[in-house]
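Data block below; observations after.
Chain IDs A, B, C, D and E follow the sequence of writing; residue 1 opens each chain.
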């Protein structure tokens, strides 16, 4: 590690010497001991097409959204659950934990600080997982294209399945995005979870380029 | 003051109790009780001492006397020992010499007193008096000597010797009684002799002499020790 | 006979006892306490002697004249109280002497004869 | 027979003669005195021999060859022989202990000591009332001299106070002696005793004599001078005052009481007041010697009252008095001599004895002897005393004696606790000289020997119960060996002993078989865990075996006496076990106090029983007719102190939690069953008595509330062992409740719970103890995630908590099932509901236990801990096998149990039908449920396994953490105060009101003691006033 | 009773019915909730899809052996209660394995699943899991207090602890139901039921946004599928327990479905009306009216 990196390192993750109850001292390296630093794996679809098709149908009809509002677009998500739009009809529900979620909605601009959290949350979602990018900002930076603090292209950092353009897109557009996502899943084209793994180094390099205070393992299990 | 009046009240209560519980119950006896009767009646034939009290003190109830001697011995030991020990730590200043008058008077009086003391204890079985009284007189003589002439030094060793030997002899006589006669301190292992003569009443004169010597030397010892340890009174 | 010799002796005995007690209990000076104890002792001894007194009788000493071996039981008093008192006096002497030594040793250390100064041991 | 006058001759002759030798021949004079004292011992022992072996008759030796009353008689009888032997032995050893003081020009000390002891001999022997006065004065002056010899700081003022007090007292005696003479013309004791009707004067005289002797024996409150002497003088002199002079005076009092039967009540009152008051005032005492003084006065007070009880005790009087006297004599002398070895007077300074374990052991022996623990003589003395008092319906006296003894136990055990636990670095090291050690050792050995001899003599104590004690002595002597050897020996001994005695019980008495099995097997298993300890583990094995010996005696007991014997032995052993913990001093003390309180309740109860049945057979409890309620209550309270029922439980959490890792299961899983066994015995014997039903009803409520409070409190603990300790309280609450139902099903529940609690609490305590040994903390929130490091421990705890919680299929459910049925059958619905509710509360703490310790986040410093020691794992897994067996085939255990209980409750709805157990209300098949659940579990596990793909094992920070990552395990492990919300809702139930109540009580007692001792102003004059006031008050009392 | 394949077959069939009914019931309840909010709501087959989706998640992580076993314990708990519960009155085949144990067994077997779940969630090391479990256990103990009283009252009333017997005693018309004959026990039991069903106001345990989902925060994929399968069964069986205890049991499957629906609906109904309690409030609540009702129920039958 270079000195520059050390500057941002969380002191809690630095190696430390502790004394065990038996009086012997030993070194704890939190990055090694507390985090699994294995590389992610590719999870191939079931080899029997019929089964995979059936499962994809089920996945498409049961979209559990990670309730993590990353940008200003998150204000458009709650109306989805109201009587007017009622996304429940389409099998869309929100979950509070990435472990149980399938869909990650990136709701608009993404600051660098948030990107780190987005990456972590994305990696903690289970395969298969889908990303729905909301608004112009995720495509080219939108009105923040020249901001020092936001990213311009989301798909440099995590793979995106569906873009919903607009600034901001209305809930109807979001519903349309869901429908698009559903059809992608049903067609078996929504394998971006595996794509992320396959291009892991590229994504990681992009992420690390922009996130200076990288103080987590390369892959957040 | 409250405390003192309380104490006074308490003492008064004690007095009242003493009066009611003890004195009022006491009636002057018409005749001697059986113990006294026995002593008075049989003493002359059994012991042969003219002074019945002496017979009681030395023979019949000789253990009392032995106890007294022991008490004195203890007191003398403790006192002698302590005063001596103190002397080690704090040397006593030189004492003024006694005045001419006092010295002279004491020279006259002391031998007489000692002789009187000896007389008293030697005749303890015949006349009022005995070992303690005689010893006390001897002690007085020594006291006189010490008061009259503070610088006059008497060897305490002599007194120790006398004391030890006389005490031991007393005990030995007691044991002799046990072995030779009826019991411990039985004086009858020596002949009773003739009543009212000096050598009568068995071993009583002997015992009383020993007691006299012992008491005398003990009291003298105590006095001398106390005298030696008194700081200079100037 | 209020003023008989035995009554006077009894009264003085009790009085001495009470004076001695009062003195021992109220005087703060150790030497005075010891003196008071002596008085107390004396009172008790007087009491004992008085109890042993029988009016009109004499000391139990055979002098061959007034008191003989034959009539001693009728004319002489009880010898035992005499013996007891003798013992008590001597013992009292020993105790008093020892008390005085204690007083001396106590004074030696603290230069005080006030009993109130010796209350380090309490409770 | 040797004439006693030789004592006089030798003593005085030598003392007088030594003046000749002077200072130069110091050594030879010391040797001469030693020889003289030896000859005293020889003479008195020859008398003793003649009386004991040759049946000599009482002989009087007259002085001067005349018969008393004209001369003085010395009487030698058995009593005198015993007393003079005691005194002369004491004299010999006193001289030895003062050997070094004899140097430095103190050569006069020897003769004075000689005369003192000669005087004491004479006081014992003489039959002349006035002669007593003479020798009293000799003793007083000699003692005064001895005190002066000492260089201790306040010895002089103390001596002076002593002198003036004794001057006053002896003058009173003198007055009495003279008045005796004037009243009947004789000073011969036998004459006075022969008087048929005394004149008023004689009565006053006798009154004065007895009064002054009582005053010599330091009655409260006229005893300030004595306390100062004890405190101010050299402890070796304190030993003489307390043991030798005290015994002499007591004998003198006993002797003179022959003529003063009318003063017996006075003695009882004065003695008991002194006993209670001085023990009370001693509570706040911090000076060791003064404390010993208070204790001496207390003990002597007790004996005074026993002398007063002479007529009431009848034949037993001498036995009782002698047992207590000899204990006091040996123990107090030993304690004073121990004190003489120390430079500091502070109680805490006694902790330096830890460096010399022999002395510490002796200290313990003396303390236990004083309190009246078996096998020391005072145990038998107190037992006989209480039994006889009960027989004569002197209940208030019993209460007074027990209260006084209890107060005494408080400060003595606190003191012992100081010695065992307090930091001793600030005190000077103790230097042992042979002449100081020999007397203490001898007296300690004598005490033990006399106790064992008494136990051998005593009817109702089987000799076999003494073998373990001897064995314990032997293992104490082997204490220098490494722990594993001693451990092996202990296990072998326990195994052999249980092999001998256990099997016969299977046929004879299944109940005893089960409890003995719990004690023996549990003992062996927990001892196996002891292999995990390195080093020598000094002192552990004797006390552990002491506890097991007590438990075994308890089970074997056929008589109430041996039951109580076992109970006390067990208490003593467990006290030492508990106090071995690092911070367990106060807990050990409170354990001991509750135990002693309980033991006294038991003693009183057994006494009352004996009063009716005149039979010490333990089954005689059944024939109690009068006071059945009271007896039942007393015994139940006694047993409940051990089972820690609500109100009496406050000792348990600390005691169990702070004990060592393998001690906690001993005291929790095993020891508590002793109380349960006691309750069983009690209810078997008295349960049929209709009077006790109401008490049983109350006990049921107590049990229910205990369960509730125990479980709730456990849920709010942060200390793992404390949590388990509260859990034990609750579990014992269940058992109490079940027992109190007094029905077949209720007792089934109790038995099942007892067995289960033994197994799972042993598992849990052993495991948690082993974990604590590894991680070095009790606080659960400092652990966490240990499942990664300690899978063995985790499995054990998992099994333990499933069993404890009563979740099927493990055996705990059996208890719950019987419980429901029993409650419904009995109709105790509300209590039952409380118990069930508390059973559910148990989940809270069980979850907390397993989660906080094993799950959650592993801490930095615990990343490399090893799994629990194999020596802990072995017993744990053996017990797990036991639980599994019981769970799989419950009917194999339950059916014999049920059959056994039908002998007391023949009407039962319980029936066994193959694998099914049926009651009036329900049915249950343990085996069936087990199989069903096992199959189901395996099928479902397969289902999950088939469906789940390759699972990636992640590490502890790979959690969803609101898009962040945890930073420290400490901040991520939610454990501290985890049930905060629950506490807000129900915490008021477990507010420590009971501890507060006990605290208030103890504060009150302490402040009374503190206030009370203000009468000892330290002013000699005030003491005189006390004496005078005492005289006046008693005088007034008698004038009425 | 001897082992019998036919009986096992019936039991498994019953399990299937109960599972599907449970899934449907939860969909219905959500539908009802949606309609109350004037939404269309989920499709009725949504629970099945969710279940399949969860079982079809490809990747899985585990925090350790207990994390893995937790759902199995939980599932066993649910299935176990099913096994020990008689379903249809008078039918040996539909009484499952209730001959192995009585009401006490069911009462305590509930904890099997809870405990396993608590341990599994605990091993995930997630603070929210621990918080959720502690709340859940705390609330659960409070629920048990009135429930125990109600059950004791019933046991006194019918003089039995066997569910089969209790149900049979209620046959012969609505007037024989415990709900009529022992109304206070029913009140206590049904109020306790509110808590055990875990709907608002007693759903702080799983407070979705405060402590994301509570105990199962870390569970996903197959684990979650197992848990949801279990939940479906457990909901029905809890309702069935109350049905058997208070509402005369079921003489046929239709009655079973109707009654369990209504009982479950009761808790949903209350849930949509009342806001959420904090944990100390909910604990305290069970010690008020429900407890008093339970006490009254016992006093009436003592």
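Definition applied: a residue touches a chain if its C-beta (ideal position, glycine included) is under 8 Å from a C-beta of that chain, and two chains touch if they have at least 3 such contacts.
These numbers come from a predicted model, not from an experiment.
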**Asked** Listed by label, which chains are in contact with chain A and with chain D?
**Response** E
**Dominant chain pairing [most C-beta pairs in contact]** = D-E
**Taking each chain's C-alpha mean as its centre, the one farthest from chain C** = A
**Fill in**
Per mean C-alpha coordinates, the chain lying farthest from chain E is B
**Asked** Cα centroid separation between chain A and chain B, in whole Å?
**Response** 117
**Request:** Find the geometric centre of each of chain A and chain C from their Cα atoms only, then give the gap between the two centres in Å, rounded to an integer.
**Result:** 112
**Asked** Where the centres are mean C-alpha positions, what is the separation of chain B from chain E, in Å?
**Response** 107
**For chain D paired with chain E, centre-to-centre distance based on mean C-alpha positions, whole Å** = 53
**Prompt:** Which positions in chain B touch two or more other chains at once?
**Reply:** 7, 10-11, 14, 26, 29, 33, 35-36, 39, 61, 64, 67-68, 71, 74-75, 78, 82
**Residue list for chain D, restricted to those that touch at least two other chains** = 130, 134, 137, 141, 144-145, 148, 175, 179, 181-182, 187, 949, 952-954, 956-958, 960, 1025, 1028
**Shared-contact residues (touching 2 or more other chains) in chain C** = 21, 25-26, 51, 80, 84, 87, 91, 94-95, 98, 101, 105
**Complete:** So the complete set of touching chain pairs is A-D, A-E, B-C, B-D, C-D, D-E
**Asked** Can you list the chain A residues touching chain D in their complex?
**Response** 10, 12-13, 16, 18-22, 24, 26, 28, 30, 33-36, 38, 41, 43, 68, 97-99, 117-118, 120-121, 124, 216, 220-221
**Message:** Can you tell me which positions in chain C touch chain B when the two form their complex?
**Reply:** 6, 10, 14, 17-18, 21-22, 25-26, 51, 53-55, 59-64, 69, 72-73, 76-80, 82-84, 86-87, 89-91, 93-95, 97-98, 101, 104-105, 108
**Prompt:** Inside the complex, what are the residues of chain D that reach chain B?
**Reply:** 3, 5-6, 8-9, 12-13, 15-20, 22, 61-66, 69-72, 105-106, 108, 111-112, 115, 119, 126, 128, 130-131, 134-135, 137-138, 141-142, 144-145, 148, 175, 179, 181-182, 184-187, 199-201, 204, 1025, 1028-1029, 1031-1032, 1035-1036, 1039
**Asked** What residues on chain D touch chain A, complex-wise?
**Response** 774-777, 860-865, 949, 952-958, 960, 963-969
**Message:** If we count contacts the way the header does, which residues on chain E are in touch with chain A in the complex?
**Reply:** 30, 34, 37-43, 46, 49-50, 52-53, 56-61, 208-209, 212-213, 216-221, 224
